[in-house]
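Look at the two complexes coming up: subunit A is in both, with subunit B in one and subunit C in the other.
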Partner chain A sequence: MLLLLFPLLKPQGYYFRMFSMMFLWMGLSSAWNITSGFAGYIDFGAVAYFGIGNYATALLMTKAGLPFTSSVLISGILSSFIAMFIGRYTMRLRGAYFGIATLAFAEAVKQIVFEFDRTFKVTLFEGSHGITLPIVHDDRFFYYIFLGILFFIVLTAFLIDRNKFGYALKAIKEAEGSAELAGVNTRRYKVASYALSASLIGILGGVNAYWLTYISPLDVFSVIHTIHMIVMALFGGIGTVFGPVLGACVISLANELIGAKLLYTYLLMLGAILLVVVLFLPRGVIGLISMKRSRR
Partner chain B sequence: MSSLSVRHLTKTFGALRALNDVSFDMVEGEVLGIIGPNGAGKTTLFNVMVGINVPDAGDVLFKGKSIKRLLPHQICRLGITKTSQIVHPFLTLTVRENVMVALMFGQNLGKKESQNKADEILEFLNITDVRNLPPSAISLPKRKRVELARAIGTGAEIILMDENLAGLNPKELEEGMEIIRALKRRGKMLVVVEHVMQAIMGVCERLIVLSHGEKIAEGIPSVVCNNERVVEAYLGAGTCSA
Partner chain C sequence: MEGEKAVVALLLQALVTGLLMGGVYAAYSSGFSLIFGVMNIVNIFHGELIMIGAFTTYWLFTLYHVDPFLTLPVSILSASLLGYVIQRFLINRVVEAPPMMSYLCTFGIHLILANLALLAWSADFRTVTTSYSGEGFSVGPITVPLARLATFGIAIVTTFAIYWFLEKNRHGKAIRAASQDKEMARLVGIDIRKVYALTFALGAGITGMAGGLISTYFVIYPQMGLPYTITAFCVVVLGGMGYIPGALVGGLLLGIIQSLTATYLTSGLSVAITFILLFIILILKPQGIMGRGAVE
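Right after this comes the complex of A and B.
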């Protein structure tokens, strides 16, 4: 509620952009958490769908002349179809092997977008030149769009957590064999969760392209984005509904405050957070809070 | 007509022939026991029957249809599931939720209905006291009971029990045997793999003996366990005299 009213205070553009960026990361981390947190398939290639969303929206808007909204929706649908295909094969692997396969997939997509034009002598992805989108001078517009999508993603995660779908994913995470024996169509559910995560990440990617107005493969497909989603979710509490939101809020704020001036300090801090979480807080900050509460 | 028919099953893992031409039939409402030394192929037989492993040769017919190429969740919904020897419960869910998963997906029930049915099953198995605990917080005998609760929750007609009664004290064992008899009265067909001969003799109407992947004997328990080959391969002399 407060966030809806915030723009009425007529704050400076900087604050709009800062909040938009935080909403973007909260959304990405929450969307990542549906596959990686609920179903336990840790996706190291989530940035692929972010990049695909960016490029799909950019190309649809600049080359096909489609309006922004439909471009973004098509980007989401495209991401989920690609994920269904990729998930069908990669989700036969478990644990680290799934992580390696998805990481390789994301790097491959990056290289394809980067080298496609040069290799085939065409002008499509524009390679390292990147693509420039029409410029919109309306910070409020993006503020509300990111907030709306974030709300939608968290609501989706919230509903999944309490629904049959959520039970299927948690059963798969805990003991996939037992889930099968209990009648859960494990492949269908895990691929569905992967496609859902991908479509939400793709939609956010699409909005991101229009927001930034300039995208290039090395930026939007950077592996650091995946690492951010992972660390944010881990820090807040992987597998919980609000953990990734909390983690993304804290870490993206830290990124804004420290990252711009002291990049290396920030990266060190990310590493330190990861270590502390893995060693002492396996269920993240949310886990710590609920543990304290149950001890009382 | 037999409801379940296992025909000439053969399964090899590399050079090891875990099952070699094993055949048997089961009729409606039967409790069948399977015994044999470690490595005889009992668990592999179960894994083939529920779709975890695909046999190299032979077939499994359930109500006249071949199920050997189906996945475990498909076979489960048709009506066959198993409890594993090494239990793998859903650790972050409560005991009740563990059973609810089976009800929701094995029988396609809604969440509310599953909750009520799960409570009934936990009551039937006498583990209502732990229903809100995670499986990590309860004793192994109770975890084995949860494993059975999950199998019952799927609604399967045939439950394969892989050493579900192992490691229990005499009182728990007696209770476990009573549960098996009660399940039979409810119309379930059970296949019981067990090393505890007391349990086998107490509940099974028919017995199959496996050794090195082959069926070496079949028949009523009292006759089978005096069979010369069975005594030699597995039981040793005098086990069944009691």
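Right after this comes the complex of A and C.
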């Protein structure tokens, strides 16, 4: 069992931001893992909800003047409703097709948010202008928020892993046909997990908007965020509770260290990691560790 | 009277442009459909094959001043070879594994190929501008660009050629047999590994050719692959997964719809429209418009 990080009282601002970023990613990949890892429906469009969360919070705070907490909560609920609608139909597709359909969904949302104002001659999403949120000069605030949300997400994953809901999801992952025959309402469970993942990702997106204070469609809806969720969860161990956390830890550090300077090389590395994991380490690092343990 | 004529002319122009585009969509989606139909692989680096074909044409044109249409065979070969190598060493390992692994694998390859290209060629947009680029002829009020017409012609011919190959040729029939029932095909003596290799090489080749054709009238850049992959997926769902003539119908239909969107709304929403269309088909008729596709 892994120890949870306790909030340490670090003095320097940079560390707060770095840890905040790591907590954000650990949360995102864990949330993503609930649908993709437990239920086995690999979501290639998760960034859509991240972006929706970002935008919903940004718009609610700037245009409707709502406070931070309510904006974020509404973002999460909105994400889950959208996910329930989208999931209802896309989850009819088998794994691989679900992947591309969700990818197309995410790209579509990106384009819509980007082009909406210009096309329909309104001022809503602000398209390429982006949205600027009120500034908060408190790194520690975000540190605790991200940590708190991460804790909540991992706890949720942990509980799901142990109870009937998780059992149903895993049954879906292993043998969906048999699960249906055994009377499990697979559609309801699948969509529920998808909506749950979406709402958590949306909430994180909302906090992200406030944290960054400036968002634009091409940033927050970029497919690179989904790629990160996928590679982090896979690397650490998809389908496990702590795998995504571990994976996110390692890879977000790598991002921090080399991602800024050598972007294309870094992306290449991600692709290579993905291939290595798929071909040789399908259960990720956690899988490797537990394999070694069971050999003793 | 003049106003009416203009409205009709605009509509006809949109239709013609869409039809021409659709032919190309059909061409490169056939490859995607073929690979899925036979090997059950959703090829997420499909767009990169287009990119390779396009860049092959570009470099041969820029460095050696060879006409883009003449270098098509080279584009076909380069994409085909790349496809064969990847299939033999990477895809083969995951073709019999759960679908999740195979499309994560192709996704990783997508990342690697796209970023290798970025590292090698930089993100600059490039074009292939020949002496006849932009030339067209007029049929009444409608302009038919030469490059697009030639592209359309070649694409249609190739699609029919593939279809003929699958129906009449011995190897083509072996491919179809393998896609219908792998075990039975093995029993009658068909070498599945050779079938896979041929299928992938063929699918990749035709995709590369489409890439070469596209370079004659669109800008090309290393990250161009992903939107094409999404489009190919949508064309194939529209027409029926694994059904080649369906790719033709789906391609033409999508081309026309996208053209109408671009004319009457904005071209920026093309992916959004593609996805919405995909969504509708999934809900209403998952076997594709002609009802001959594989359903999951």
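As a working rule, the second predicted complex is superposed on the first by the 286 of 296 C-alpha atoms of A that agree within 3 Å, B and C clash if a C-alpha of one lies under 4 Å from a C-alpha of the other, contacts with A are read in each partner's own complex, and residues count from 1 in each chain.
Here, contacts are C-beta pairs under 8 Å (C-beta built on N, C-alpha and C of every residue); 3 or more make two chains touch, one makes a residue touch a chain.
Please read these numbers as outputs of a predicted model, since none were measured by experiment.
After superposition on the shared chain, subunit A has more residues touched by C, the comparison being subunit B against subunit C.
Once chain A of one complex is fitted onto chain A of the other, the partner contacts of A:274 are limited to subunit C, with no touch recorded for subunit B. Residue contacts after overlaying the shared chain place A:42 against subunit C, while subunit B stays out of touching range.
By the touch criterion defined above, A:164 lies against subunit B but remains apart from subunit C after alignment on the C-alpha atoms of chain A. In the superposition on chain A, A:227 makes contact with subunit C only, while subunit B stays out of contact range. Interface of subunit A with subunit C (complex): residues 40, 42, 44, 89-90, 92-97, 99-101, 103-105, 107-109, 111-112, 114-115, 118-119, 223, 227, 230, 234, 264-265, 267-268, 270-275, 278-279, 282. Partner subunit A is touched in their complex by these residues of subunit C: 42, 44, 90, 93-94, 98-105, 107-112, 114-116, 118-119, 226-227, 229-230, 233-234, 237, 241, 265-266, 268-272, 274-276, 278-279, 282-283, 286, 296.
Across the complex, subunit B is touched by residues 163-164, 167-168, 170-171, 173-175, 177-186, 239 of subunit A. Listing the residues of subunit B that touch subunit A in their complex gives 50, 52, 71-73, 76-77, 81-82, 84, 88-93, 97, 100-102, 104-107, 110-111, 150-151, 153-154.
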